[in-house]
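So that you can tell them apart, the chains are marked A, B and C in the order they are listed, and the count of residues begins at 1 in each.
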Amino acid sequence: MSGVEETVSTVRSVKKRAAVAVAAVAAAVFFSGCAQNAPQDTFRPDGENARKINHLQIPVFIAAGVVGVIVFSVIIYVVVKYRDRGQEMPKQTHGNPTLEIGLTILPAVILIAVGIPTISTVFSLAKSSDTQCVINVTGQQWWWEYEYPVQKCGGVDIAEPIVTSGELVMPVKTHVMLRLTSNDVIHSYWIPKLNGKRDAVPGRIHPLRMEADHPGIYQGQCTEFCGLSHARMRMDAVGLNSDDFSTWVATQLKPAEKPTDALALQGEDTFRAQCSRCHQVNGLMEENPDGTNSDKPVIAFPDLYVVAGNAPNLTKLMTRTTFAGATWDLLTDECRKKLHDASPDEFGKLYLQGVTPQCFNEADLREWIRNAPAKKPMFSSEAQKDESGGKYRGMPNLNLTDDQIDQIVAYLLERK
Amino acid sequence: MSEATLTETPTPDDDGVVETADHGTHIEYTDDHGHPETTTGLSNNKLGMWLFLGSECLLFGGLISTYMLYRGRHTGTPGPAQLWDIPLTSVSSFVLLMSSLTMVLAVSAAQQRDDRQTIVWLSVTALLGSTFVGAQVYEFTSFYHEGVGFTTSLFSSSFFTLTGFHGIHVTVGIILLMSLVGIISRSEVPGDKAEVVELIGLYWHFVDIVWIVIFTLVYLIPA
Amino acid sequence: MAIIEQPSAVPALPTGDVPQFVTPASSYGVFRRPVTTTGWRSWIFTVDHKKLGLMYAVSATFFFLVGGIEALLIRTQLLSPDNTVLSASVYNQMFTMHATTMIFLFVMPVTTGLANYFVPLQIGARDVAFPRMNAFGFWCFLFGGIFLNTSWLLGGAADDSWFIYQPNANALFSPTHGVDFWSLGLQITGIASLTSALNLIVTVLNMRAPGMTLMKMPIFTWMVLVVQFLLVFAIPVITVALFLLMFQRVFGAQFFNVDAGADPLLWQHLFWIFGHPEVYILILPSFGIVSEVLPVFSRKPLFGYKFVVFSGAAIGFIGWGVWAHHMFASGLGPVSVAVFSVSTMLIAIPTGVKIVNWTLTMWGGKLWFSTAMLFAIGLIVEFTIGGLSGVTHAVSPSDTQQTDTYYIVAHFHYVLFGGAVFGIFAGFYYWWPKVFGKMLSETLGKWNFWLMVIGMNLTFGPMHILGLQGQPRRMVVYPEKLTGEGFFNLHFWNSVASIGSYILAIGVFMFLVNVWHTTRKGAPSPLDPWDARSLEWLTTNPPKEHNFDTIPHVHALDEYFHLKYEEVDTDAGPRLVKVRTAEELQAEQEANADKHIHMPSPSYWPIVLAIALPIMAYGIIYSIVLTVIGGAILLLAAYGWALEPSTAPESDYDPPEGGSPTKELASV
């Protein structure tokens, strides 16, 4: 080649090498550029089941990465080395069966190596014989309900069924088995740090193992498209150590006390009139004609009003930290941060405080009570009710006055 | 290797194929006089019909699977055990089977270029097919009177969809047969008459075979 | 067009000459059989596979732009957390229609269009086996696609995701007509796919040039053949699912009514038994295109042709046994999950074989980086990424973390955009000169390619991170609280993805600029600009209506290449020497032109039959009267079609004015 051609070709190859270097740096930045402390990071397991998955997936990702790098290197090599530099027409090779067969067997071997631990992990994650606690989980548009049947859950005695929603409270280091179902469409239960997801299908019950290593709050989302507010159907799992869990159970089963606050007393009446058709609150009694409380408990009948036939039980609302499908906080930002950042040792005590008046985030709850469909897209206007066979999907706008909202909030604040 | 010969224009031999000495570099051509032969030996229409019937297998496979899944789900309403009239359905199945026989006779007559016989056997086939459809209509109406309609239960929805699709296929077949009778009698068949009869015959036999499967799985094998 | 008769001593028609228009004699007034070869009527009533292929491709590209705008709106909504550009209801329609449009109204029809145009040319045929059915298929697709999109204006489009899971698809949970439009629209386009499949299989199996055995067919034709078999068996399954859905919604049938005892998973099984072969239907044609382009621009044959053919067939076959990998989180039970996990890993093997073969095709070659070649190499790179992420979700426990997150969105966009779409663009650039007689600008082409590559990787690359760090899909908003901390948190990567999508859009726009520029100012292209290998290049630009003046006898794979090149022994060893140019081969064709060429005639009935279907569909949604009217048109058109000969008899044609009364019709 002449000097000019040599220079041109050198410049070209320098350019090519520079391009490769840039690509490599970009890849490095790219792959290291992950979010820190992403609450739903699938590579940061905090429970045994997620850890099993992680132990399986990390080697697979590494293997895939290695294969990818090899393939790209070969392609870059080929593209650089065999570009048209004016050479002769190349040899018209048709193939090399030995090489081909070898390169067919090689991926097969790698995949067998991946397949065997996969199968064993599948069966390990499906195991149910070592269950220590059962929680029934029901999805509906657009929230999750939990029902703890009578049992010994991780050593803690649950004497009566407990019904909560949004936050799945469970004892740590316990083999919990969730039994998932749905009241309407298919939803999916996913707490990434604790396990993969499982669909909640109406008419079926699907088991899902759940176990947390240490006390804390683990976030999740519904991950099967379920309509208008699929994006606002969230949940948390809360892990508590054995003592704290025992305390929690006791609190849940403790009978409700009569409201002491004047506003809350008015709130009780307002709640009974406006909300108790759908929302069950244990301890709320029917009203006598003279205004006093009878000894007949109010039983909510959401199946008359809601397509899913269910609405969140608010008996112990303020023992939870979120509401409306775990989408909004009952805690102020500051208190929430303190709770989420708490160390495992401090967490239980902080959580069991529930929502204190100092930590209470009133604004979101007020907005919700004022006009729920405006805050979270639902199918619950009067016109939409007609399209859904005369029932709501989600909570309707009750057109409450500010005073009524004040009263209800005061009443709810005492639901602990 | 000899030089390419561009200037010579090869001449065709008897079957229209040009032979040249060096096969590697010349275009050889075949003047097919406008009647190309097919590579498989089957005519396009016949191959197309077989493929179509292949796709229909999957259609009925999906419907049959749905039925088999849901056959037992009819809480509170009558189910197969209460509804089936096996003797009646056996007779109508036999009628449909015989219609396949008459279809074969029609195809044979068409291949012998006997228009009159072809029309006769096609008409008989259509008649037998109509008898089958009539019996099905009678059967469905009686189910309806016993309280089992299309939307009554999972079992009934699946049953009526499966047998309904089959019945529509038979009805379309009857329309094809009668149309063919009309077209043949007015000598307006475009293309190869015997092949058209054979193609419709293939369709008819397929519909019959599907019925045999349905009859066995749905009526004869208890849930 | 009826019969072409060539007097023996007349030289061949000059290239590109438009034949004379001859009026039919039998007068039914305006109802007489169309025979025009120019003007809009020659397109509406055509049965010519090339015109139809072009119309398929143009319509599909239009829908590509529609789907692309839908995607841009989605990405704009997701630019930042808790954004309010689109409401939840509109967003749900947007992602449903984006996917439905891209899959059913872009990739499937555009590959059908390329197949329709080039498969007959590649196998040395003059048209497909059933030309009127071909036309019918096209109009079904177009009317079905338009019908589906009218839902936007008629109460709202389908909004239940592209696979419309039950029970959400029921009238109770999806009260607008969107789902009805979706199910009926897809039934109509499904008919198009099925008829197209029957047509192409019969064409490939029955109408190959003499000497072209199956193992001498071009690889694009092979992949198309496998795809058509997949369609023949997969479309009926989704047909069943769509009928069950329609009966449920319109007539109150019980199939998916959980209260009556239904199992919602029935829908999922039926859908995915179709749905998995569907993804191979989407990708295999592009694999075929790339397997054509790489050898041409490497100046070497495809490495391991037999392996590529068998791996394509193996993918088609094994593809039937992996469907439940879309259901790993659906509650199948560990045995099913384990089995499908293994079968899914199995299918990675033949796919990997192809990557090896393509790379080794380039090895030792003389690589010409035309735009078509760039897209082909781009496919190898991007599909490798997509394929490897696919392997990570073949591992079912991992998949329970990954499914329904943006990691899956990343996977399928890498294989569909980086795979199928890049292959399609490679096909556009490769075959453009043959179809239009002009070459797309290489400069603009490079801008097109690089902007698309950069845009694509910026859009879908970050989605791997988004998914693995917990962002689910199909969500109108993602909350600030779940985006994590640090500069590279999920908000950042969402923004990168959105900006990437705008760059990608500009890249696609560059293609349109290229087309416009080329149409106005492009230089005419030679017959064989790429020095290609297969028979479609043994034609004029564009090919004459009858494709080949005389059907060549095929002796080898890459027959066209072997007609041009010979291996000659020299002192320096065997060398490949070009002994004939494309122009010389074309002249030889014309010199030996056939005397009797029967071409099928245009017809009304395909479009009339096709229009009956959306009329019936509107009727099912709105009023039974429309269905009855549509049904009547259907019957009328069916009879008209059946009674009409595929080639109009000569009595339909007057002799040309001033010409002799002998059969000296130039052509019709």
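Note that in this section contacts are C-beta pairs under 8 Å (C-beta built on N, C-alpha and C of every residue); 3 or more make two chains touch, one makes a residue touch a chain.
Small disclaimer: the values here were computed from a predicted structure and weren't measured.
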By Cα centroid distance, the chain farthest from subunit A is B
Chain pair with more C-beta contacts, B-C versus A-C:
A-C
Distance between the CA centroids of subunit A and subunit B (whole Å) is 52
Once you find the CA centre of subunit A and the CA centre of subunit C, what distance in Å lies between them?
38
Subunit B and subunit C, separation of their C-alpha mean positions in angstrom
29
For subunit C, give me the residues that contact two or more of the other chains.
261-263
Help me check something: in the complex, which residues belonging to subunit C touch subunit B?
3, 129-130, 194, 197-199, 201-202, 205-208, 210, 212, 232-237, 239-241, 243-244, 247, 251-255, 257, 260-263, 266, 270, 273, 550-553, 555-556, 562-563, 566, 568, 579-580, 584-585, 588-589, 591-592, 594-598, 639, 642-646
Which stretch or stretches of subunit C touch subunit A in the complex?
87-89, 92, 160-161, 165-168, 172-173, 175, 258, 261-265, 298-301, 303-307, 329-331, 333-334, 337-338, 341-342, 345-346, 348-349, 352-353, 355-357, 359-360, 362-369, 377, 380-381, 384-385, 388-389, 391-392, 394-405, 461, 465, 468-472, 474-479, 481-490, 492-493, 565, 575-576
Across the complex, what residues on subunit A touch subunit C?
30, 33-43, 50, 52-53, 56-57, 60-61, 64-65, 67-68, 71-72, 74-75, 78-79, 82-84, 87-97, 99-100, 103-104, 107-108, 111, 114-115, 118-119, 121-123, 125-126, 141, 180, 184-186, 188, 190, 192, 195-199, 201-204, 206, 219, 221-232, 234, 307, 327, 377, 384, 387-389, 393
Residues of subunit B defined as touching subunit C within the complex
1, 4, 6, 9-10, 17-18, 23-25, 27-34, 36, 38-40, 42-44, 47-48, 51-52, 54-59, 61-63, 66, 69-70, 73, 75, 150-154, 156-158, 161, 179, 183, 188, 190-191
